[in-house]
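Across the two complexes that follow, chain A remains constant while its partner is chain B and subsequently chain C.
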Partner chain A sequence: MLKIIIPTIMLMPLTWLSKKNMIWINTTTYSLLISLISLSLLNQPSNNSLNFSLMFFSDPLSAPLLVLTTWLLPLMLMASQHHLSKEPLIRKKLYITMLTMLQTFLIMTFTATELISFYILFEATLVPTLIIITRWGNQTERLNAGLYFLFYTLMGSLPLLVALISIQNLTGSLNFLLIQYWNQALPDSWSNIFLWLACMMAFMVKMPLYGLHLWLPKAHVEAPIAGSMVLAAILLKLGGYGMLRITTMLNPQTSFMAYPFLMLSLWGMIMTSSICLRQTDLKSLIAYSSVSHMALVIVAVLIQTPWSYMGATALMIAHGLTSSMLFCLANSNYERTHSRTMILARGLQTLLPLMAAWWLLASLTNLALPPSINLIGELFVVMSSFSWSNITIILMGTNITITALYSLYMLITTQRGKYTHHINSIKPSFTRENALMALHMTPLLLLSLNPKIILGFTY
Partner chain B sequence: MNPLIFTTILMTVLLGTMIVMMSSHWLMIWIGFEMNLLAIIPILMKKYNPRTMEASTKYFLTQATASMLLMMAIIINLMHSGQWTITKVFNPTASIIMTSALAMKLGLTPFHFWVPEVTQGISLTSGLILLTWQKLAPMSILYQISPSINLNILLTMAVLSILVGGWGGLNQTQLRKIMAYSSIAHMGWMTAVLAYNPTLTMLNMLIYIMMTLTMFMLFIHSSSTTTLSLSHTWNKTPLTTTLILITLLSMGGLPPLSGFMPKWMIIQELTKNNSIILPTLMAIMALLNLYFYMRLTYSTSLTMFPSTNNMKMKWQFETKRITFLPPLIVMSSLLLPLTPMLSILD
Partner chain C sequence: MAAGLLGLCTRRLLAAAATRGIPAARVRWESSSSRAVIAPSAVVGKRGPEPTTRWQEDPDTEDENLYEKNPDSHGYDKDPAVDLWNMRVVFFFGFSIVLVLGSTFVAYLPDYRWSRNLLALAVFAFFQGASPRSLDHLDLNAAQIEDRSKRAV
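So, the complex of A and B:
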C-alpha cells in the first residue's frame, strides 16, 4: 500500500518544485500513473482480503473505492485548470497541495485496518476540504457552507470516537481483521442502543441521511469544481464505506434500530428527487440528486442482505463517476456564463454538439439506464428492499420515475430548444473538457462489461 | 524598564514557580506562590496606564485570596496530620478548600471571571506569561494532591469550565479575551482527567503551552490585538496567515494536527474508566471553541481580498523578533503521529 501512499505524498514536493509552465502537466501525469498502480488492487483472487501489513489492507469493498479515489485526482486537476489560470503561482500550488493532501488522507482512510486510525483520517479529510471550499469558492455563502459542513460532520463523529474507544475496551482491539473473527452478538441494553446510534450517526451525517442533509447543497454549490467533484464522488462514499464496515459489529440491534433511518431514507429519496424538479440552480440540482442516490445506499446498507450490499457498492462507484461528471459538465457551463442558473445556458446542443453528447450520456447514466452499473446498483437495491418489505416497491418505483424526470428535465433545459442570443459568443469546448468527460465516461461504460469487480465482498 | 531590574523580576517569577514545583514542605510552596505573585505584578504593569493598573489589581486580589485559602487548607491539613510534607491531603475539608484555592489560581469556573479582564488589560507578552507560565505552579500542586481531591467538585468545575470557555468566547473580537476563554476551556479539559490519569493532565498542559505560545508569538509578530487588525496579516506577511490557520485548527482539536492528541487521550482515558456521557459532552462542547477559532481563521486566512485591504491599516513599526517560532509551529501541528511517545511522560 505504501507504493500508492508515498507517491501521493511526494506529489506535494513535486508541485512546489515544478516550474511555472509545468505544474499542471507534472501533477496530472504522475497522479494518472499512481491511479494505474492502484488498478492492480482490483485483482482479488479469493474472498479474503489482501493484507499488506498490520495497518493497511484492501478487500473487494475498499479496492473499487480506492481506484475511484486515485482515478479522480487527475480528473480534478484537469478540471481546475481554467478557474485557477488567473491566480498567482503560489496560490495554484497551494490548491494542488490541498487536493493532494486530501487524496493522501482518503487513500489511507479506505485502506486502514485499525478503526481509530480510520476515524482520525476520516476527520482529517475535513480540513483540506474545508480550506478548498472556503478559500476558493466563489460566492459569499461559502463561509456559511464551510461552517455547516465542518460542524455537522464533527457533531456526528465525536460520539463515534467515544463509541470506538468503548468497543476497544470491550473487545481488546479495533483492528478490523481481528474483529471479523470475534463477531458476537451485542447484548440488548439501553447503552448498546446508544452505542449503535453513536457509531452510525457520523456516517449518516456524511452520507447524508435526509434529515441531516442541510450541509450538502450548501457545500456542493459553493465549492469550486474540484471540491464539488471530490465531495460528490468520494466523501459521501466515506459514509457508506464506514457504515458497511461498522454494521458487522453492531448486530442484532440493527434489526430494530434501523427502522427510523430506513423510513427517513425511503421518504427522503422521494422528497429530494422532487425538489430537483423545482431547482433553478444547476449545481443544486445535482447536489440534491446525490442525496437521493445516497438514500438508496443507506436503505441497502441497513437491510443487510448479500444482494443489497452488492447493490450498495455498485451504486456508490457508479454514482461517484456519474455525479462527478455532471459537476464537470455544470462547471463547463459556469465557466462560460458565470452563472449557475440553468435557463441562462439553454439550447447548447446547437452550439456545442460534442458536449451535448456527454450531457446525454451523463443524464442517461444518472437515470440508471441499462446496462450501466447505475442500473445494476439500483436494481439490486430495489430487489432486496422488495424482499425486505413488499410495499417499498411503490416508493422505489416512484423514485426511479422522478429520477428519470429530473435527469431528462436537466438534459432538455440545457441542451434542447432554441439557444438564447446572449450565449452565441461562448468559447467552444476545450479539448481538456472533452478529455475530462471521456475519462469519466469510459470507466463507467467499461465497468458495465464486467461489473463483478465493483460488486463488493458478498459476490 | 532597567534591564537589570527586569531580569531580576523575571528570575523571581521563575524562581517562585520552581520553588512551588520542587518543594516538599507546604510552607515553602506557599512562599513560592507569593514570590511568584509579587514578582509578576511589575511584569503585568510593563506599560503604565490605568487599564494595566486595573488588570494588575484584579489579578493581585484574586491570587492573594487564593493564597490565603491555600494557607488555611495547609493549616487544617497540619492540624489533622501533624506534618508539613506534601503528600495527599488528610482531611476532606482541607482538600475542598485547597481545590478551590488552586482553581482560583488557574481560572477554573466558577472562579474564572478574572481571566478575560486581566488578560485584556495587559500587553501581549505579559498575557503570554500569564496564560502559560502561571498555570504551571497550580497545576503541579493539583497533580501532587490528585489522589485526595473530591471527584464531584473537580468534574463539576471541569465541565463548567469547558462550557464557559466555549460560550464566553463566542461574543469576543479582542484576541486576548479569545485566548483567555480558550485557556479556561483547556484548563477544564486538564482537570477533568486529573483524577483518572494525571499524566494526561501533564500532556495536555505541554501541548496547550506549545499552542498558546505559538498563537501569542504570531500575534506579537503582527502586533495585532483585535480580529480586525489580525485580518491585515495577509498584507504584511502572507505566510503568517497560513501559520495562524494551522495553529488555530490545532487548538480547536481537529485531527490530524497535534491539538487532537490530548483530547483523544483524555476521551480514551475517561471512556476506559466507564464514564461515557462525560467525554461525549466535553467533546461536543469543545466544538463551541472551534466555532470562534474558525471565525478568526475566516477573517485572517480563508477570505481572499482581490483588492487592497479596505480597512484602516496601523502603523507598521519594525517587526518584533519572535523567538523559536518554527520549531513551535512544527510541534503544535505535526505531533500527532508521535502519540506512542507518551510513555516518556510516565
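So, the complex of A and C:
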C-alpha cells in the first residue's frame, strides 16, 4: 500500500516546490500515475483479501472504491483550475494540499485493517473537506453548510467511538481480518441494541439516510466543484463501506433492527426523488439525487444477501462516477452564468452541442439506462429487495420512474428549448471541460463491459 | 377601457424606451376619462439610473475570456504554452496511459475462481488416492464455475 500512500503524500511537497506555471501540470500528471498504480489492487488472487501489512489490506470491496478515489483526484484538479485562476499562488497551493490530504486520508480509510484506525481516518476526512467548503465556497451560506456537515457527522460518529472501544474490550481485537471469523452472535439485550445503533448511526448519517440527510444538500451546493465531486463520489461511499464492514459483527440484531431504517430508506428514496422534480437549483437537484441513490445502497446493505451486496458495491462505483460528472456539468454552467438556477441557462444544446452530448450521457446513466453499471447495481438491489419482500417492488418501481423523470427534466430544462436572450455571451466549451467529462464517462462505459471487478466480494 | 389599454401600451413603450435607450418618440398622452398623463421624461435619450445591483445574467466584468487573447485556448491557463502542455499531459497520461494500459491490465486479469476450482478438484482427487501424475493431466472442463443463477438471491 505504501506504493500508493507515499506518492500521494509526496504530492504535497510537489505542489509547494513546483514553479508557478507547473503546479497544475505536475500534480495532474502524478495523480494520474498514482491512479494507474492503484489499478494493481484489482488483482485479487485470494478468496479472502490481499494483505499488504498489519495495517493495510484490500479486498474486492475496497479495491474498486480505492481506484475510484485515486481516479477522482486528477479530475478534481482539472475541474478546479478555472475557478482558482484568479487566486494568489499560495491559496492555489493550499487548495491542492487540502485535496491531497483528503486523498491520503481516504486511501488509508479504505485500506485500514483495524476499526479504530478506520474511525480516526474517517473523522480525519472531515477536516480538509470542511476547509474546502468553508474557505472556497462561493456564497455566505457556506459557513452554515460547513457547520451542518461537521456536526451531523460528528453527532453520528461519537457513539461509534464508544461502541468500538466497548467491542475492543469484549473481543480483544477490532481487526477486520479477524472479526470476520468471530462467530459468536451478539446476545439479545437492550445494551446490544444500543450498540447496534451506535455502530450504524455514523454510517447512516454519512450515506445519508433520509431523515438525517439535511447536511447533504447544503454541503454539496455550497462546496466548490472539487468539494462537490469528492463529497458525492467518495465521502458518501465511506458510509456504505463502513456499513458493509461493520454489519459482519452485528448479527443477529441486524435482522430486526434494520426494519425502521429499511422503511426510512424505501420511503426516503421516493421523497428525495420527488423533491428533485421541484428543484430550481441545479446542484441541489443533483444533491437530492445522490440521497435517493444512496437510499438504495442502504436498503441493499441492510438486506444482507449476496446479490444485494453486489448491487450495493456496483451502485456505489457507478453513482460515484455519474454524480461527479453531473456536478462537473453543473459547474460548467455555473462558470458561465454564475448562477445555479436551471432555467437561467436553458436551451444550451444549440450553443454547446458537444456539452449537450455529455449532458445526455450523464442523464442517461443517472437514470440507470442499460447496459450501464448503474442499471446493474439498481437491478441487483431491486431484485434482492423483491426477494426479501415482494411489496418493495412498488416503491422501487416508483423510485426508478421518478428518477427517470427528474433526470430527463434536468436534461430538457438545461439543454432543450429556446435559449434565453442573455445567454449568447457564454464562451464555447473548453478542451479541459470535454476531457473532464470524457474521463468520467469512459471508465463508466468500460466498466459496463467488465462489471465483475466492481461486484464486490460476494461475486 | 380602450383608453386604459392605450395608456398601458404607451406606458410600456416609454418604459422600454427608457431602459433600452431607444430614442423615445415625443409622445404625450392625456386620458380623456381620467386625469392620467403619460409623458416621456424631459431628458429624453438618457437611460434611467443604473440599478444598484448588476443583472446576474450579464457577463461578470471580472470574468476573463480565455479565447480573447488565445483563440486556441484549451481552458487550462492564460499562458498559451502552459495551456498547451497541460492539455497534452492530460490527454497523454489520462487517456493513453491510464485508460488504455489500465483497461488492458484489467481485461487480462485471470479468472481466479476457475483456477481455484481446478486446484481444489486436483487436490481432492489426490487425497482420494489418485496418483500424483494425474495432476499433470487435469480435466480443464471439470472446473465448472458455480451457476450463480441457482444461488439464493
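The rule is short, and it goes like this: the second predicted complex is superposed on the first by the 458 of 459 C-alpha atoms of A that agree within 3 Å, B and C clash if a C-alpha of one lies under 4 Å from a C-alpha of the other, contacts with A are read in each partner's own complex, and residues count from 1 in each chain.
Criterion: a residue touches a chain if its C-beta (ideal position, glycine included) is under 8 Å from a C-beta of that chain, and two chains touch if they have at least 3 such contacts.
Keep in mind that this is a model prediction, so the values were computed, not measured.
Asker: Quick check on the chain A-based superposition: chain B and chain C, clash or fit?
Answerer: fit
Asker: Angle chain B-chain A-chain C between C-alpha centres, in steps of 10 degrees?
Answerer: Computed from the C-alpha centres, it is 120 degrees.
Asker: With both complexes overlaid on chain A, does A:S339 touch chain B (first), chain C (second), both or neither?
Answerer: A:S339 contacts chain C only, not chain B.
Asker: Based on the superposed arrangement, let me know which partner A:H82 touches: chain B (first), chain C (second), both, or neither?
Answerer: second
Asker: Once the two complexes are aligned on chain A, which partner has more residues of chain A within touching range, chain B or chain C?
Answerer: C
Asker: Once the structures are superposed on A, label A:L161 by its partner contacts, choosing first (chain B), second (chain C), both or neither.
Answerer: In the superposition, A:L161 contacts chain B only.
Asker: A:S384 in the overlay: touching chain B, chain C, both, or neither? Say first, second, both or neither.
Answerer: A:S384 sits against chain C, while chain B stays out of touch.
Asker: Would you sort A:L143 into first (chain B), second (chain C), both or neither based on which partner it touches?
Answerer: first
Asker: Please provide the least distance in Å between a C-alpha atom of chain B and a C-alpha atom of chain C in the combined superposition.
Answerer: Minimum over all C-alpha pairs: 13 Å.
Asker: Return the residues of chain A at which the contacts from chain B and from chain C coincide.
Answerer: Correct list for chain A: none, the interfaces share no residue.
Asker: Going by the contact rule at the top, pick out the chain B residues touching chain A in the complex.
Answerer: Residues in contact with chain A: 245, 249, 254-257, 260, 264, 267-268, 271-272, 276, 279-280, 283-284, 287, 290-291, 294, 298, 301-304, 336.
Asker: Note which residues of chain A are touching chain C in the complex, please.
Answerer: Listed in rising order, the residues are 21-22, 24-25, 28-29, 32-33, 35-36, 39-40, 42-47, 71, 74, 78, 81-82, 85-86, 305-307, 337-339, 344, 383-384, 387, 420, 422-423, 425, 427-428, 430-433, 435, 438-439, 442-443, 446, 450, 453.
Asker: Which positions of chain C touch chain A when the two form their complex?
Answerer: 55-60, 62, 64-67, 73-79, 82, 85-87, 89-91, 93-95, 97-99, 101-103, 105-107, 109, 112, 116, 151-153
Asker: Per the contact definition, I'd like the list of chain A residues that touch chain B in the complex.
Answerer: 105, 120-121, 123-124, 126-127, 131, 134-135, 143, 146-147, 150-151, 154-155, 158-159, 161-162, 165-166, 169, 191, 198
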